[in-house]
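Two complexes, one shared chain (chain A), two partners (chain B, chain C).
Moving on to the complex of A and B:
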């Protein structure tokens, strides 16, 4: 690190370090001199700042946050304010709280019902998907059995198939079973998460040493007990990662409920907000863009909270196995 | 907003279902002779039961309450299964899958042909619908009939009128147009006075285009049974393309899609100065663009020939009873209740535009003053327009599909040097091809 710093910063083709007095006496002529004097040496945790990188990161940050800022600002406006005022600044009267109460009360409080539906789909769908992925991933990583390779091929193949392609056959199948228009039509397909299974499989292979399982077996622990007491704690970071991914996927799910559910009483928030939006597109329908925007803000708050709470597990999960100890 | 993959997959599903429905149509044909008479309907109402209604029309909520109060043994479940083509896709899917179809469904006039020709909606004439001919205005009544059958009851109508922002016209000293030539002049004058102001918005809307062709006397669609002819080269259509091409060439229409938030914004701030649209529009203006109250006025639709009084329908929907309905007598009873008599009047009171002659001619309706339009008695203009709609217009039996490819064909005229007439020719070709693939005998 120090060598590269000296050569690059000195800009000396011959590579011979200049005498020390020159450095200290004329700091303005040498770009690196004042820096060297004030800063601790560069380490991976404290890298040298790079102007282009900072600019690019800044742009990405603005690009990412701008829609959120827009959402936050516009959630304070009513329908007239939305149409009359500039999009990235507040209207004359700010009424976020008023908007929230109106959103929750509009159309006999159907928003609350949609929120509860979404929570049900996330709890049952994403929770179930995580349980299945952990059990399956552990079994595939730690047990030898015939057909394991075939399972691998199916799982990797399934990761590549977009959900949209399966939607129509799934609809026809569920319709045949009489399950459309019920919560089951959303929950059951959400239980299957090929990516989650694959992730847990890879994670379990790395995070749970086979020697540990052997030791547990020698000590007379049954397979279930070994899994629950030895493997499961080790699998925690991976489990949380899969849970987080499937929660976000289920929370944002739009297409599956769209084709499965016709009754607004069973809509998740995504479909409900879209229905409010569609209202503005019909003769005699009421345009409620203010409520849609406030509703969207309310919809992302829980998922942002979950992400912030769980992300440290997620980070430690992704880093597992990357360092040889 | 609408995602493309979603629409594609939906399209595929809808197409598959349409095929299935057409196939059944060929094999079964005709009515199955189980239709009930008025006596059975009274008995069914007495016995009670459950009716599921798929509709997005907001004033039906009140009708359901009134109906359940009058017939306490009947339980009506009103479901908003999506708006327009989303609901039709859902309905087609439910019909194809053989389960989950409602007892009553809202179907717009332009889409009714698809369900009639597919033999998937009940002929309501034997239930007593035939005797209702006099109750409805001619335009909507014509739209729900095919041969001797009545395949739905008209719920509302959309005789066209000209909505304009008086404040904008006054500010720039521009005269309100009465002919389409004056309309082009007004478009130039307004846009020149303030480059932010456009006479109207248009990014290619099948419903609006066909309505204006209808008003101009064009009759591109001829459909009898499974024989279909499509011709976008008649005189009326040419009148429309000549005028509208000028607006496009000179970039005099705002590139904003109708019903978007940008559209509502344009209507509020005066940058979209006029709308030629159905008479149901006041409700949308009042609730969606409340801040522009007092700025807007209503006038008769501009004419293609000075002094004419031609009009056309834009939008409007009916209530139909799918063949798959479980209790057809109750379904018909609700349909008749919601579209005639007390049901229709309560809906008109809530802002719907009537398809019933009695409501359209009532003094209270004609004398109603619209505070939004500065106290104007706008219903007089709408009622006059309803009387002047010519009834010889027909849509394709698969207009829903045709409209879905409008933007891929005619839409090009809005974003590229392609001419409107070329776009319509491409639309015609795509519609002919699809029709032929579906087993229709199609020609030009």
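Moving on to the complex of A and C:
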């Protein structure tokens, strides 16, 4: 909090950390203007933090954080505590650790199995999607090859096709190939990220100077080696961004495994939680709302942690690569 | 985007070498793009083609599968269950998308203005819900909506009142809208914020020298500069609304009476296909939805890019 306050006062309106855009215009005005003697006029170029604006925007903050706070608090309660206590305060017995062990142990530790499945889908699906998007985006940005424009048009057009419009025929196709109810049915469709390809295309066009590639070629470097040693390091911020967004898409995927996977042994976490929730409605099924809530917390912690740890990289990748016309 | 940079062209290599170079470039280009294109064909193009093929047939109890031409399409376009769902997502879209994008834009402008205390804390916290799976978001909100151990129940008990039930048939669409807004407001905020960051600061300077105030700069400089991002976010939100499935599907377990199997076109397709085993008709409904989505997305894009 204090750090961003000082940076804001020093004239960087972004707060920290500042993404590195291609154009850093007029560094002089930003570095010189404040701190220099008397009062600095409060203008759009030298803004001073405003308490009313912070409070109003804070309402949105409360809105976005409240359900997460609710989840955190209620993950400490058992079934009785959930029913007896106020939703936004702790019950008499606080037992987060106890809930976690019960969640992990329930039904022969099936939650751990789902967690491992999810990790497999993310590693293979999101990892593969990132590799394909980086290679494809680099090719679209830096090579003139016949069919290049067609590839781009088809991929961008495909973004508008609802994923669910593809679900039924994809299911029937995979079923014909004997792939349903296997991890492949989740991994293979996860390998394509049209958004990732688009992001890498825009990012590579800007981040990899063609002159640098020319120089490497003149020095006798092959195309693959040029890519690995010259282009790839420059593409890192974009790559991290694509990897993170593919990871979220795969980690959070629900619809695709829902239609592809019938065997609970191959469920990802999302389907598993949904199954626990459905179990309470079935006659004779055990209601395990406390485990659903703790399981939900365990499901979001890893992906949120990854986002927070890598935010410096993905935010700069997004700023430099995305939505530029 | 020209491949041969000016310096390379100035060196004027002999034509034969240039042609050889181009052919080599083509090979290398396809080498890098090939894997993506191959998998893309398998998981995007092939299913689209297969869906079109399926939509021309019908599975009858007697006589097996037979070719019926466009009969499935005629049926879909006159199917009241399909139209109910389409009207519902249409209503959802008209209200939820402007609310969500409006909040996202205001937060992005507030963070970009440099007038917030703890701006980076704001940026990360508002974005956080995007990382929460739709299943978990549906469960959290579903429990909070609930009268048993939810916040609604708590408030009723504490104040001795009876709040309207968010999971009742008349309110459930709004409750779903709230969940979707919660999930994606931060994602859209980040798209807008990223676009704002790459607007050259010199434009603000010029406007300020001309005597423009903060609001004037927002209206006349910042908003036009990020119009591309606004259009892209709108199109993605429209596509998302028409694809509405996850949140109603989760809440269905908590509110089985309010959310029917044809609540949205996607739920309808799903239940046709996996409960009713009407694959051909399900494929037809999915195609009709895809075409409607694409037309509206395209119209928004044309309109968004034309203005100004």
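Basically, the second predicted complex is superposed on the first by the 270 of 325 C-alpha atoms of A that agree within 3 Å, B and C clash if a C-alpha of one lies under 4 Å from a C-alpha of the other, contacts with A are read in each partner's own complex, and residues count from 1 in each chain.
We adopt the following convention: contacts are C-beta pairs under 8 Å (C-beta built on N, C-alpha and C of every residue); 3 or more make two chains touch, one makes a residue touch a chain.
As the structure is a prediction and not an experimental result, all values here were calculated from the model.
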First (chain B), second (chain C), both or neither touched by A:181
first
Figure out whether A:83 sits in contact with chain B (first) or chain C (second), or with both, or with neither.
both
By the touch definition at the top of the document, which applies to A:210: first (chain B), second (chain C), both, or neither?
second
Now for A:264: first (chain B), second (chain C), both, or neither, which partner does it touch?
first
Superposed model, chain A: greater residue contact from chain B or chain C
C
Would you sort A:284 into first (chain B), second (chain C), both or neither based on which partner it touches?
first
Once the structures are superposed on A, label A:191 by its partner contacts, choosing first (chain B), second (chain C), both or neither.
second
For A:167 in the superposed arrangement: first (chain B), second (chain C), both or neither?
both
On chain A, positions contacted by chain B and by chain C
82-83, 162, 164-165, 167-168, 171-172, 255, 258-259, 277-278, 280-281, 289
Chain A residues touching chain B in their complex are 79-80, 82-84, 162, 164-165, 167-168, 171-172, 175-176, 178, 180-181, 255, 258-259, 262-264, 275, 277-287, 289
Touching residues of chain C toward chain A in the complex: what are they?
1-3, 5, 7-8, 22, 24-33, 35-37, 39-40, 42-48, 50-51, 54, 103, 106-107, 110-137, 139-141, 143-144, 148-151, 153-154, 158, 182, 185-186, 190-191, 194-195, 197-198, 200-202, 204-205, 207-208, 213-214, 217, 226, 228-229, 232, 235, 239, 242-243, 245-246, 249-250, 253-254, 256, 266, 269-270, 273-274, 279, 282-283, 286-287, 289-290, 293-294, 297-298
Hey, which residues of chain A end up touching chain C in the complex?
1, 4-5, 8, 12-17, 19, 21-23, 25-26, 29-30, 43-45, 47-51, 53-54, 56-57, 60-61, 63-65, 67-68, 70-71, 74, 82-83, 86-88, 131-133, 135-136, 138-148, 151, 154-155, 157-173, 188-189, 191-192, 197, 205, 210-211, 214, 223, 227, 248, 251-252, 254-255, 258-259, 269-271, 273-274, 277-278, 280-281, 289, 292-293, 296, 299-300, 303-304, 307-308, 311, 315, 318-320, 322-325
Given the complex, residues on chain B that touch chain A span 1, 5-6, 9-10, 12-13, 54, 56-59, 79-84, 86, 90, 93-94, 97-100, 156, 158, 259, 261, 264-265, 268-269, 278, 280-281, 283-284, 287-291, 315-316, 351-353
